[in-house]
Each structure stands twice: as structure tokens, then as C-alpha cells.
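Heads up, there are several structures right after this.
One chain, chain A, appears in both complexes that follow, with chain B as partner in the first and chain C in the second.
Up next is the complex of A and B:
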């Protein structure tokens, strides 16, 4: 009896180890699959073009740091600046406006709240491509075609629905008594938004900021359609014209790609802890 | 001087009437307790006063002006919430100074006021801590401190002690009573605990089903309940209610024959009650347990079910012959045992009589006569 028991315990323990090991292996495979292209990209960016084609898998014979200098001077710096400006402003706008909308939806009392929330969520369903032509006309009419605003405003508009959804879900878990206590302390809604809700929502604001900055940074269709001057082009479009210009020089192009990835990577590393916390918070009570 | 006055306040949530025709006044420095069972509307009433809920009908007057449409932030009141509602990202000092900072008071004044309040509440050592690092009692103190610092027209308390354990609750109850004296403050306090109400209040307002059942001082409510609800709600253990029929009334010789077999003579009873069913109310502390020598006249027997020895007194839970449950407080040290039969008497001078509508007819009428 006891022996059978011990046997069973041993077997289940063995099974647990096998399961654990299997899971670990799976994670390693997934990690390798997602990381390998990046490693290949970095390695290629440090080779000469002929080496890149001839000896695709090897380490560079001579590390060609000069590729980066070339890429930077060939216009990457300009595109990078445009992207940073557009991403930064649209992200700040999305986070602030969505937080304000979420606050109103959660704390304030007014008629038609459910309808307004439904309208905002409706924006999630709308694919940006559908709005391409009307937006183009509107932007031309407003006289902001081919400026940063031609990207910042649409990015902000299309970013608000999801960010509002995300932040609202977090805010409803903040006890309503806090805003009531603030009201009793003599605070108006703006004060309790800025001094209570914004600080308490920091994790979810970080998540929203990260998601939005990645969206703005990687956006392609609007960037392709709404700007045309070199000094307004963002990195995604910049890389495309870069590819045309440097058709022969692939390794310099790779260097440019690496440069374009770095900012997003940095933002993610800085915010990742808050990001994961923000997305999962409240999933389990 | 009247600080706050409610005139026929009504609150509807959709088609549900949560509060109906509520009128009362709160004098300066008065401690008013709103008490009632859960769902009676007492917290809603407090929230109407605070401005956290809109008033459906009626008038709310604070210091002479109508404030129905004044937002909560401008009514000059302070509220202590059941959940404390401390701002979790601020230190104790910041929590307490929020009101003054919003009002734009000079920094020195703020620091001075927070310091004074912290001393009163023994929070001096904790000013730099965050709410997370405090115990329940300390959080409660901070919540009260936040109210004190603002020097409000009226303090509002929404069941402030219900999250504390029994010992701490008693201690905080005393502290709130002391604070009331020390600050000369006007306070409105909501609780479902009638002991809290009795110990703290100058004036108790008993609410039930969104209506005021009775308003009065603690002893008034205890001695002269207007109806069966108030009689049952105030006092612990609850007043005993014994059903019976009134045999005769008028000319000072009325008697009620209780279903348990006991007859109790009643004085000065309204003649119109003769022949009607009624309920006799008697508090546990007024029931007399008859010793063996006097049992020859024993009017009723009760079967002891449970005996609680509290030391200074003993609470006996017994069943009468017709099955009516009875609680008796016995100051004597005689020890009763479960299963034992005891003889009891209901002294008529301590009894209350409730008619079929639950209205008290014996004492309250005498009181109203006296008032005339």
C-alpha cells in the first residue's frame, strides 16, 4: 500500500519534471525563433555587402562600424528625429486624453455615458485604412498635409479608443470613495484627476504609452500617404526610400534598420515592468 | 443655534424611494446619530447631506442657506468614510493637508494645523508614513485627522468603526466622544450599532425603510419608544414582545391576557382598545424571576434554554409555555441551568403596550399628555 503510494508520488514527480523541462524547451525554441532574426540583422549590419551575401551565417571578418556612420549620415538621423517628434507628441496626447476620458467615464456623472463609451469603443472596430481617403482630404483642407500634424492627429485619434478602454478598466478598480473624499476635501474633478487618479494609474498609463509609442513608431500607411517631404518622413517610410537609394549597399541598410529599432527597444526595456503589470493587473482579484 | 436643517428630504433611485419626507435639525455642537438596520437609508441620508448624492425633493439648509445645488466640494463639511478612503500614494501628512492645500492656505498654517491635529490623535510619529504602513486604527485616526484639519461646519461619519475589531472599536468610540467635546464640533454620525448610537449621541434619529421612526435623546428612546420598531431596535438584548388580548379598558382596570397565560393589569389605558389584540413589551432587565417562596403566586413559567454568564449580570434565554422566546437579564448571582423551569413576573409599571399597528399606547400617550 505504502509502496504503491510512494511509487505514485515518484511517478507524478517525474512527470512534473518532464513537464517543466518540456515547457522550458518550448520557451527556448520560441526565444530563439524571435531573437535569431535580430541577431542576424545586427551581424549583417557589421559586414560588407559582399560578405553578407557570400558568408551569410558567419561572424564578420572585420567589424564594419563604418556602416552605421554611413547610414546615419545618409539621412537616418533626419527620419529618426521626425519619428521621435511624431511618436512623442502623439503618445503624450493619447495617454492624457484617454486618461481624461476614462476618468470622466468612471467618476463623473452625466447623461449618455454608456452611449459615449460605446462610441469610443466603436473606434476599435474601424480599420485606419478605411479613413485614408477622407482623412487625406480633411488634412489637405486643414492645410496641415505634409506636416507633423498630419501624422500626430490621426495617430492620436486612432490610439484613443484602445487606450481609453485599457485605462478605464484600471480606473474602475480604484475605489470611488477616493474621489468622494477629495470632493469632501474641497477638490474639483480636475484636481482629483491630476492628483489622485493620474498618480494611482501610473502602471496602466505606462502600458498605454508603450503600446501607443510602438504603434506610432511602426505606423506605415498614414506615414506613406500624408507626408512627402524628406524632412517630415518618419523612419518607416525613410527606410523604404533609403532602401531605394542604397540598393547596392545592403549592409548599410541593415545598420539603418538596427538604428531604427533601438529607440523602441529602449522604451520597452524601461517600461516593460510597468507594462506587464498594467496589462495583467486586476486579472486575478 | 441651528447648524443644519433637513426639510422633507426625499431621495429616489429610479422608481425606488430610498428616503421619504425626512425632516430634522442639528444644533450647534450637537452630536446626532442616524441609526437603523442596514438598507434603511441612513448612509444615503448622510450622502445627501454631504452632497455626494443629489436631493430629489425637499430642502437642505446649512447655516441658514439652502445648499441643495451646492457641490460637495463647497459645502464646507468633512466626512470620515467607512473604508477610510485615504489617498494611498500620499503620506499621512499629505493626506491630512489636502483640504488646506486645495484651499490655498499658507504653508506655515498648514503645517501648524496638521501638527495640532496629529497631536490630538497621537499621529505625530506617523506623519511620514503611507497608509499601507498603518494599522486599521491608525488609518481611522488619519481619516479623522483629515476631517479635523479642515475645521468643517459639520463632521460627517459614515460607520467609521465598523471595520475595526471589538476592542479597538470601543477605544475609538471613546476617542470620538472626547474629540466631540474637545473640538466643540457639530457631528452627524451613521451607524447600525445601537450601542454606538446610545453612547455617543446627544440626539438619535432612528430610521427604518427610508422614514424617521423617532427622534430623541438616547434615554428618551429607551424609556419612551413611540412604536414597536424603536422599542425593539434600542436596547440590547432586544425588548421582549408578548402577544395577548385586552379584556377591559377604561376606568383604570384594564388587563391584558397574554397568550402565555399571564395577565398583566394596565393603568390609564385608552378605552377604545378593549377587546382588541395587542402586544406587551417588556425589557429583559425588567422581567422579575421569582424565588421559590414566592412561586405560589407564580403567574408564568419559562423553560431556560441558554444561560450567558457575563460576570456582572446573567442573560437567560428561555421559552414560555406557548413557545414565545424570552430574554431576561438577571443581576442576581443565582445560577440557572438550561432545562430548568423558572417562574417569572412582568411588572406592569415597566411594561409597554403596542396596538395592532405597532404604536405604543401606554407611555407615549402619558408623555404627550404631560407635554400638553
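Up next is the complex of A and C:
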């Protein structure tokens, strides 16, 4: 039995050496599939439309930076501004409110704690699509349809369950004695939340903020349904109007697509390790 | 008096989330179920209780069944690629087979599509699928496979597959990163013990990695299925359910019914079906996470 095992080990080791080259090739192909479409996008955005149709593999003959000027002037800056505002405010709200809730759930004693935590977590199960039309009516009724708040508030509400789950899992590991000692010295819960827990939780708050900003930045169905004026549209929906207006002018459209991904792309390239680390937080214990 | 304040304080911390969830998450979801039992439209704004009529209409509508089967197809393909293929990729990247810098480069590259907004991905792939001038057709023509060329998004047989493929392109790298976190959590001495016995990498994968990521795999499978049944955005951007409603999914069917066809009660019934499916999937997820 041991002999058979050893034999098998030897055989598969020989095979492993042969496979290594194949594996390398496979991974280069995977990489090419992942990033070549983006390279093609950037190259095409710098060509004239007719050049793009002619030979889409080649470098541009003359780099058409003017495409970018045209795309920018077509109103992308407005969409970007809306996205920044909505993302920033909803992220701050989600992180602060979730951290406060997580703090109470971990440190403070009160009745109904388990039920309240279950209620908050339960929000994870509800897909936003399910609430779409009633939510649309609620927002209209509140008079905030077609304003930034029509996006900020639903993003916050739907973002809280996961953020609370994430932050709570981190807070549980902080020794409870810290806040107990502070309480003995007469510090109230708000003081120990702000001065002990928030600073200690900085890493997980950063992850929660990153995850929420990606969600808010990329959100689609609410942004499609709850705002309609061009000056409140976020970049995801704005690009749809932009594309409809530019159906014929492909290279300008592609320049617009490039502009719209530059902010996130820059952050990703500079912070890729923290980025991937942060986005995969909470998926695995 | 101060003790009463002390008793109230904890609730102040959890109150804002609870109010937000009640008004903007649970409330609308509950209302949706009520809506689905009524007939309502903006032209005829009188509420009329119709019982299960919307559901009967739904089950009699072929578009609903097309949508449901497209979602199922979406789920099956996504589980195969984003769970099993991604696990394989993650295992290779975690095993330290390539040089560290190359390894990081591969991981970052496959992750990259996950950070792009769905509109950009959808529009980009519309261009890639474009007949004769898009990247795919150019590739086919230049390799002599021109006769395979199709109007990928414009033909009923291929549209949904073309969309599902884009979704795999965007999300597989993200799942790879998730699996790499799961694999990194496996104690390294398990690998070392096997390595001392002379086990190959494939055997290490078989006897250490696979059992080690079993629970994560279950959870990722559930998350992937969850995503497949509530998908809306990529389909809406790429085909809006066309051609001839062949690539419709439950999400687009629901959206179109409410915001285009103005049959709100019917749309709510579709939403309730999505809700029931995802709640089943979600309960399984919560149970798995608790076990862990």
C-alpha cells in the first residue's frame, strides 16, 4: 500500500514538471482574456471611428486625444460629481451607523439584543429588486424622488446589514475589559465608543468603507429607477444616456467609458493589496 | 432617573439602523407582497383586490418561464465557473508555483474586471460582440473561423449565453480572491506534513486544500446562486431582455412590468417569486454560516 502510494507520488511528480509549462501558458491566456478587452478599449478610444473599424488590433496612427475632450464636454463630469457625492455620504453613514450598532451589540447590555441583531442581519437576505416599486413610491411620498437622497438613503439602508456584520465580527475580538475599565472611571458608552472602539476598529472600518463605496459607486437598479434628471444621475446610469446619445460615435463613447473607470482604476492600482484584501473581508472567517 | 437613561442609551445606538431598515427595506418588501394581490396601474389608479390572479397570469405567461430558465442557466454556469474553476485557479495561485511577482500580476489581472461598473462592462462587451467589427468577430476572421461569426447579442439562441459569459469574465477573478483568502486560512503545517511524505501539489490539493475550503465553497456556491436569481443590471444594459424577450430574466421581467408596461400588481408578483427563491437560498446561507 505504501509502495503503491510512493509509486503514484513519483508518477505524478514527473507529470507535474511537464504540466508546469502548460499551466504557465494557461495563466497567461487567462490574464489576456481578463485585461485585453480593457487594453482594446483604451486603444480604440484614441483612434478615429473609421480607423477603429478598419483594424481594431493596431495602435492608433494619430492619437486622438480630442475624443477625450469631446467625451468630457458631453457631460461626464456631472455624472462623476453625482457619483462622488452619493458614494461619499452613503459610505460615511453606513460606516458610522453600523459601527455604532455593532458597538451596542457587542459591548452594551440590553433586552432584545439577539432579536435586534437578527433583524439587522435579516436585511442581508432581501434583494433590493424585491423592494423596488414600493420603495419608489415611498421616496416619491417623502418628496425626495429625483434627488441625491433618493439614492443615499436606500444605499445606506441596504448597506447597513453587511457592514454591521463585518464590524461586529471584528469588535467581538476586542477585550471587553477595555470598556469596562473606562466605565469604572465614569466614562459613558458614547465616550468609549468614540475613543476606544472606533480607533481600534480602524482596519475593519476601512474595509467596510471600501466595500460600501464600491457598492454605491456601481449600484444600478436604484439609480435607474429613483432619479431621472441628468444632473442627479450617477455615472452608472449617466453612461447609459451618454451611450444612447453617442451610438454612432464609437471612439468618443469609448473615451467616455475610459474616463468613467479612471477614478476607481487609479485607487485600485495604487492600493491593490489593501483593495483586494478589503473587498474579500467577511467572506471567510 | 439616571438609570432609566442608562437603560435607553443602548437602544439609541441601534435605533437609526432599525428605522432605516424598517422604512426602506422591510416595509417595501412587505408592501410588495400586498401589491402582488392587487391590480393597479397609473392609468387606472384604483386599488382592486384580485387575490392570486397576478400569480395565475404569471404562471401562464411563457415569458416568465423563459426568464426562470435563463436565471437557472445563469446559476448553473456561474457555479461551474465562479466556484469550481475559480477554486482551481485560486489553488494554483496559492501554491506558489509561479514567481511571487508573476503570481501577484496574475491575481491582480483576473481581479481587475470586478472593480468596473456594470454599465462600462456591458457597453464594452456590446462593442466586443459587435458583428464583424467587434473584437470577437475580428478574432474569428483573422484565425479563419469566420463562419462561426454571429450576431451574438441579436440572436435568440446566443444572447443569454453571451451575457452569462460576460458575467463570468467580470466575477471569476473576484471569486478567485475569495478562495485565496479561504485557502490562506488553512494551517500550513498540514501541507508541510504531506510534503515531507513526498506528496505532489495535486495530492496536497486533493487531501488538504479541498477539505479545508469545503465550507467556504458551500457558502460561495450559495452567494453565486443568490446573485444569479436576482441579476438585473448586466442583462438590462446589454440586451434589455431581447431579442424577442429571449434573454429576459426575472429581474428584467419585473422591471419592465412595473416601469414600462405599467402592470404593478403583476410586477410585484414577479418580485415575490424572486424574493421566495432568494429567501430559500438565503436561509441556507445563514444556516451554513452559523454551523461554521
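We adopt the following convention: the second predicted complex is superposed on the first by the 232 of 285 C-alpha atoms of A that agree within 3 Å, B and C clash if a C-alpha of one lies under 4 Å from a C-alpha of the other, contacts with A are read in each partner's own complex, and residues count from 1 in each chain.
As a working rule, a residue touches a chain if its C-beta (ideal position, glycine included) is under 8 Å from a C-beta of that chain, and two chains touch if they have at least 3 such contacts.
Source: prediction; values computed, not measured.
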Contacts of A:110 with chain B and chain C, given as first, second, both or neither: second
Contacts of A:184 with chain B and chain C, given as first, second, both or neither: first
Contacts of A:252 with chain B and chain C, given as first, second, both or neither: neither
Touched partner set for A:151, first chain B, second chain C, both or neither: neither
Greater residue coverage of chain A in the superposed arrangement, chain B or chain C: C
Touched partner set for A:200, first chain B, second chain C, both or neither: first
Partner chain(s) touched by A:175 [first = chain B, second = chain C, both, neither]: first
Which of chain B and chain C A:166 touches, first, second, both or neither: neither
Overlap of chain C and chain B interfaces on chain A (superposed complexes): 188
Sites on chain A touched by chain B in the complex: 175, 177-178, 180-188, 191, 196, 199-200
Residue ranges of chain A touching chain C (in the complex, touch as defined): 6, 9, 12-13, 16, 20, 23-24, 27, 30-31, 33-38, 40-41, 44, 52-53, 56-57, 97-98, 100-101, 103-105, 108-110, 116, 119-135, 137-138, 153-154, 156-158, 160-161, 164, 188-190, 193, 214, 217-218, 220-221, 224-225, 235-237, 239-240, 243, 250, 253-254, 257, 260-261, 264-265, 268, 272, 275-276, 279-280, 283-285
For the chain C and chain A complex, residues of the former touching the latter: 7, 9-11, 13-14, 16-18, 20-21, 23-29, 31-32, 35, 89, 92, 97-98, 105-120, 123-125, 127-128, 133-135, 138, 142, 169, 173-174, 177-178, 180-182, 185, 197-203, 216, 219-220, 223, 226, 230, 232-233, 236-237, 251, 254-255, 258-259, 264, 267-268, 271-272, 274-275, 278-279, 282-283, 285-286, 292
Complex interface listing, chain B residues touching chain A: 50-52, 71-74, 77-79, 81, 83, 85-89, 98-99, 102-103, 146, 150, 156
